[in-house]
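What follows is a set of structures to go through.
Both complexes shown next keep chain A, but they swap its partner, so chain B is in the first and chain C is in the second.
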Partner chain A sequence: MAGGTATAASPRRSLGQDRRQEALAGYGLIAIPMILFLVFQIGSIFFAIYISLWKWGPLGPTGLNPFRGLRNYETILGDPIFWKAVTNTLYYTVIWVPLTMALGLFLAVIVNQKIRGQTFFRAAFYFPAIASSAAITTLFIFIMGPDGLFNGLRQAAGLNPLFQLLGFGPTYNWLGESRTAMNSIIILNAWTTSGTFMLFYLASLQSISHEVYEAAAIDGASAWQTFWKVTFPLLRPGHYFVATVAVIGGLQLFDQAIFAGGQGGEPNNSLTTIVLFLFRSAISDFNFGYAAAVGIILLVVIMAATLIQRRLFGQAPSW
Partner chain B sequence: MRNRLALPLVALLVLAACTANNTTTGGSSAAAFDPSSVSGTVVFSGWQASKDEGVALQAALDGFKAKYPKITVNYQPIATDYATAMAAKFSAHQPPDLFYVDSSVAPDWISQGLLYPLDDWASSRNFDTSQFFPGYLDAFKGQDGKIYGFPKDGNALGMAYNKDMLTAAGITAPPTTWDELVADAPKLTSGSQKAFCLSSTLDRELAFIYQNGGALLSADKKSAAIDSAASKQAITWYLDLFKNGWGDTPKNLGDDWCGTSLGKKKVAIIFEGGWLDPFMKSTYPGVNYAWAPLPKGKQAGNLGFTVSYSIGKDSANKDAAWVLLTYLTGPEGMKLWTQGGVANPSRKDVPAPAGKEVLVAGAADAHPWSFIPGFSKINDAFNNAMTAALEAKSDDPTKIVNDTKTAIDQALNS
Partner chain C sequence: MTAPAPVTRPATPVAVGPATGGKTSAASEPVGDTGARGRRILAYAVLIAYALIMFVPFAWTVVTSFKTVPDSVRLTFIPDPISFQGWDEALNGLSPGLIQLFFNSAIVAGVVTLTNVIFGSMAGYAFARLRFPGREFLFILVLATLMIPDQLRLVPVYQILVLLGLVNSNPTNYLGVVIVLAISATSIFLIRQYFLTIPRDLEEAAKIDGAGFFTTFWRVMLPLATPALAAVAILQFQGTWNGFFWPLVILQTPGHWTLPLGLFQFIGFHKTDWPPLMAVVVMATLPIVILYVFFQRYFVEGIAASGVKG
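For the complex of A and B:
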């Protein structure tokens, strides 16, 4: 019975010790990634806030009066090109996010069916998301050029009169005209990212239990009614997650903009996005402080957008 | 006795050692600098636009190796975005010893204190800079008047024209003035062929602005001059070439730049520099084209595009870098670099490669393509406004001038 009292007393002690050991082991395991995260991600943000108050070049503060306080922010907010960048980025996000979400959901519903080659289709639809954005954009530029594949195909298909009606000549330069450049990029990115959103929605779809569908079938709901009245509302956590990720990604558009439009955001600043504006200030002018200020403004915008979405959509995903 | 002599003796020895040190590191102007005595490794960096460039540069480096065997050159070209890679190296205080600096970003790099001034060494080490074309050398002058790099080569604009198309239109000689150009234009525009491929960018239009007596900035670079009447007139004239249907941008012709348009025989005349020749030779060898000077406006005017070799403020082996620099930008090294035709010399005492006489002569009227820190925003403002004007098929320079002036004022006040 000494063993009994011992076993009665030691579980409490060893449990506390066990817990502490477990906790220590846990902290030990996450220590390195956590330190890296704190230094390189969180620390970078604080450093960026710091240097955004200075005129900061590659060698540190430069010029006669390097401390600028909030003047960098004032200059940015007074620059019409910055506001064009904001308008372009918001336009892109507002159009691209719902479009790609719809496309992703559509693909997810399709590949969720028990059809032959299901795995192949899932891989095929996802492939553009992992291909190099530089390669895809370069090909896209060739396809959409005045002598490109797209114009050639629509001519061969006899669709030119229809396009002419809408104001697009037979050798229209889709990425070279300011009114269609951004829209072309939206279409490109909708196709590229639809695969990623398809995967997110697939996960969400598969968490809906079969009983719900059975109940709907018993009630005599058609396929469209089932989708719209049953599946779609139950996907709310999926919508929230995809929308948040999409908005955060959309507000940071850069790769395609710089490949298609160059550093100047041609044509006519129609492809200038906030991140492209930041890149120009940092690399062309070596004005790191100014670029950091743009980055902080973008951080505030993205955080605001995410908080608004949380309010609108309500809860975080349950999975 | 020994003790009393010891101190002055030691002092004398220290003094002798100090002066001896100074001679070998070359920091003092007291002793003559002997480049053959310098030894070490030079980390040499830049970008390589084509394979031919690599071959020509290697020829120059081989010549250097033969003349200065004690110095090893470690050539490390940057294949990714040059400015981004260099920004990282500057921030780490570990720039290469000798590297390229494009003339358009030279004011930014100089004002950030990234480059080493070369005037003192040029005078104390007897390097003659008088033979550089001012249009190229002045691009690397800082606001303090010091030189921060020597141009490795230079390109002014010329008029490349398709000889067959001109003959077919009954034009016996290429136009030499603005009026002749405008008179020839309608004759060269027929069917799908246009007279000109014109870039809608400042790096072409500015040559014509200079020719009309206008400018981007005032002579002291302290205020804008783009809003002068002469500048506006030149912009209107250039926009009219588009408006009248005689010329178009390469993008609207379906090409990435005007060289392709000339090669595909879509246009008769383009305004480009020496970089056109290796491109045409390798991609469109069948086109019968020739060079002529830019047609003259009220005065001759041209743009000088160039890249310097510069030494970084934090570079480790400045002396060895100096020897390589003066060799490559001296008459001997530059001849090896340019004789193959991949680049044109930036010195008057290096003979122009065969067929490039017109282009090298253009350097005499060239204004440096180098302005003030923050220039990239000015360039973008002008280019974007010009694209907008072309899309609206207008020849009104007002928005172009206003947007550019706003960008200039912002850059001057930052």
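For the complex of A and C:
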């Protein structure tokens, strides 16, 4: 095997056998992961497309005439609950994404200053993101419930007359009323995810050279002007990345919705999202063909959203 | 990272945001002392307020787990009386009990972490260092799986697991979750990127000493990649420990439920029984908090490097 000379200048001649062994070792090392990817990821897409064309129960095609062609898709597009789910999901995404991006950017800019306890604050702001959606949502249901911490605090602060004016009684159940359920989930997720987006933005901020800021300082720009005229536009690649990740995540809202609203997305389907609708079709109704078709529609929606964003942000400029 | 850092003067950090003034250097614009101080105080006020918003709910959870049920809806920060009823109920009253849930979570998260480190380092090394036909294509295929939404895979994966007999009440029920999560593209990607930064000299030396590909990988390269392996282990442990979707789909018998699944069931049935619920929340969060305290760096690096994980 060995035999290579120690002189760095002469490139080692790779013998054919050596090459073959290297290739075999490579295939050997990737074999198990590749099989899992091919079956459970790549293969499952094609399987999902196939299933979506059938009336399909948990044990395969069901009924006398199981092949449905595109009729599952037709039924879905004519289902008012599906459109309710789409509306809810889009509403959530359109409000939650910019809100959380703004919060994340705000935190990143503050934490990026020369401040005492920088590490502590960064760690603190990321803290809610490390816990499970299950734990956080349970906690949030408790806090926002009729006897919860939030209602207690607003009473203690003497804010109840103000809330009464807006139509919220002293024991209002924030997640239990259609009017506020989705908005509460938006606030919950803005709270937990702002720390993650802060980390993304911090990485982006630290890639901006100091010279740009020095030039701005020499020109006499105020901190406010520097932020809006220099920092914000220079963060464009960061905005693009965070927005893409956020929209993909937003369109898949599920955990918090099913925790707070159960499988019915209660109250009154106000927490029924596309994924919850899919889950319900599969696990409660055993209508697998239908659920698979919803999954394909979701994939198309996510891909379309990603493409639209790429259009909106264009090519990341090379400053 | 090949590009050399741009030539920087001994730079003075200039204020980026609206919240603080340029206090650091005499060279930056002269800011009125009081104005700068005022803005700095404002900045700290915002920071501390936001940090409180981050911590108070968790503190409230711990406090509530030591309250009695009637006390749990009162706005007092010190339980009166301090009670272990909630914990007792969580350990002995819920079904399955807290210990069973914790054990199930530990099994699933532990095994999935192990498989990700093993398969991730193998494939990561192969994609970084070994030359074989189709390598680039296969690597792109791996990365492409990051774009497939989990929910789209619900029906087909469930079907496949039914065919394999891994759904429903049998001891192999855990295996269904493990096999779906056994390897993620993120793990392979992170480890591959790390291997790419290690100089080739060491492998050349090992080769000259007569070591084969596997010996080189196992004896020389793998020990060098420990930081990447640690990052992957922590990222995967946290993700699987917290995971809800696949356990919800696959683990159908209560004896197999993980902590998030237990919470999901209990929140439906015990919605006003807050102390035991909060005890479960504490146990579902505590291991991750401990990891976070000791390995914060890896959390941050993993997130910054991978991004895509929901």
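Definition applied: the second predicted complex is superposed on the first by the 276 of 319 C-alpha atoms of A that agree within 3 Å, B and C clash if a C-alpha of one lies under 4 Å from a C-alpha of the other, contacts with A are read in each partner's own complex, and residues count from 1 in each chain.
The rule is short, and it goes like this: a contact is a pair of C-beta atoms (placed from the backbone, for glycine too) under 8 Å apart; a residue touches a chain by one contact, two chains touch by 3 or more.
These numbers come from a predicted model, not from an experiment.
Aligning the two structures on chain A places chain B and chain C in clashing positions. Judged by the touch definition given at the top, the superposed model places A:Asp147 against both chain B and chain C. Of the two partner chains placed by superposition, chain B and chain C are both touched by A:Pro58. Of the two partner chains placed by superposition, A:Ile187 touches none, neither chain B nor chain C.
In the superposition on chain A, A:Arg280 makes contact with chain B only, while chain C stays out of contact range. When the two structures are aligned on the shared chain, A:Ile95 is found in touch with neither chain B nor chain C. Once the two complexes are overlaid on the shared chain, A:Leu234 sits clear of chain B and of chain C alike. In the superposed model, more residues of chain A are touched by C than by the other of chain B and chain C.
By the document's definition of touching, of the two partners only chain C reaches A:Ala25; chain B does not. Clashing C-alpha atoms with chain C after superposition occur in a single stretch of chain B, namely 73-81 (options considered: 1-9, 55-63 or 73-81). Put simply, chain A uses residues 58-59, 147-148, 282-283 to touch chain B in one complex and chain C in the other. Per the touch definition, chain B reaches chain A in the complex via residues 81, 83-84, 87, 90-91, 93, 105, 108-109, 111-114, 249, 251-254, 313-314, 373-374, 376-377, 379-381, 383-385, 387-388, 391, 406, 410, 414.
Contacts from chain C toward chain A in the complex involve residues 6, 8-9, 11-24, 28-29, 43-44, 46-47, 50-51, 53-55, 57-58, 60-61, 64, 73-75, 119-120, 122-123, 125-127, 130-133, 135, 138, 141-142, 144-145, 148-160, 162, 179-180, 182-183, 185, 188, 204, 207-210, 212-214, 217, 238, 241-245, 249, 259-261, 263-264, 267-268, 271, 274, 277-278, 280-281, 284-285, 288-289, 292, 296, 299-300, 303-304, 307-308, 310. Chain A makes touch with chain C in their complex at residues 1-2, 4, 6, 19, 21-27, 29-30, 32-34, 36-37, 39-45, 47-48, 51, 56, 58-59, 106-107, 109-115, 117, 120-128, 130-135, 138-143, 147-149, 152-153, 156, 191, 195-196, 199-200, 203, 205, 209-211, 213-214, 216-217, 220, 223-224, 226-227, 231, 241, 245, 248-249, 252, 254-255, 258-259, 262, 275, 278-279, 282-283, 288, 291-292, 295-296, 298-299, 302. Against chain B, the residues of chain A that register as touching in their complex are 55, 57-59, 62-63, 75, 79-81, 145-148, 171, 173, 176-178, 263-269, 280, 282-287.
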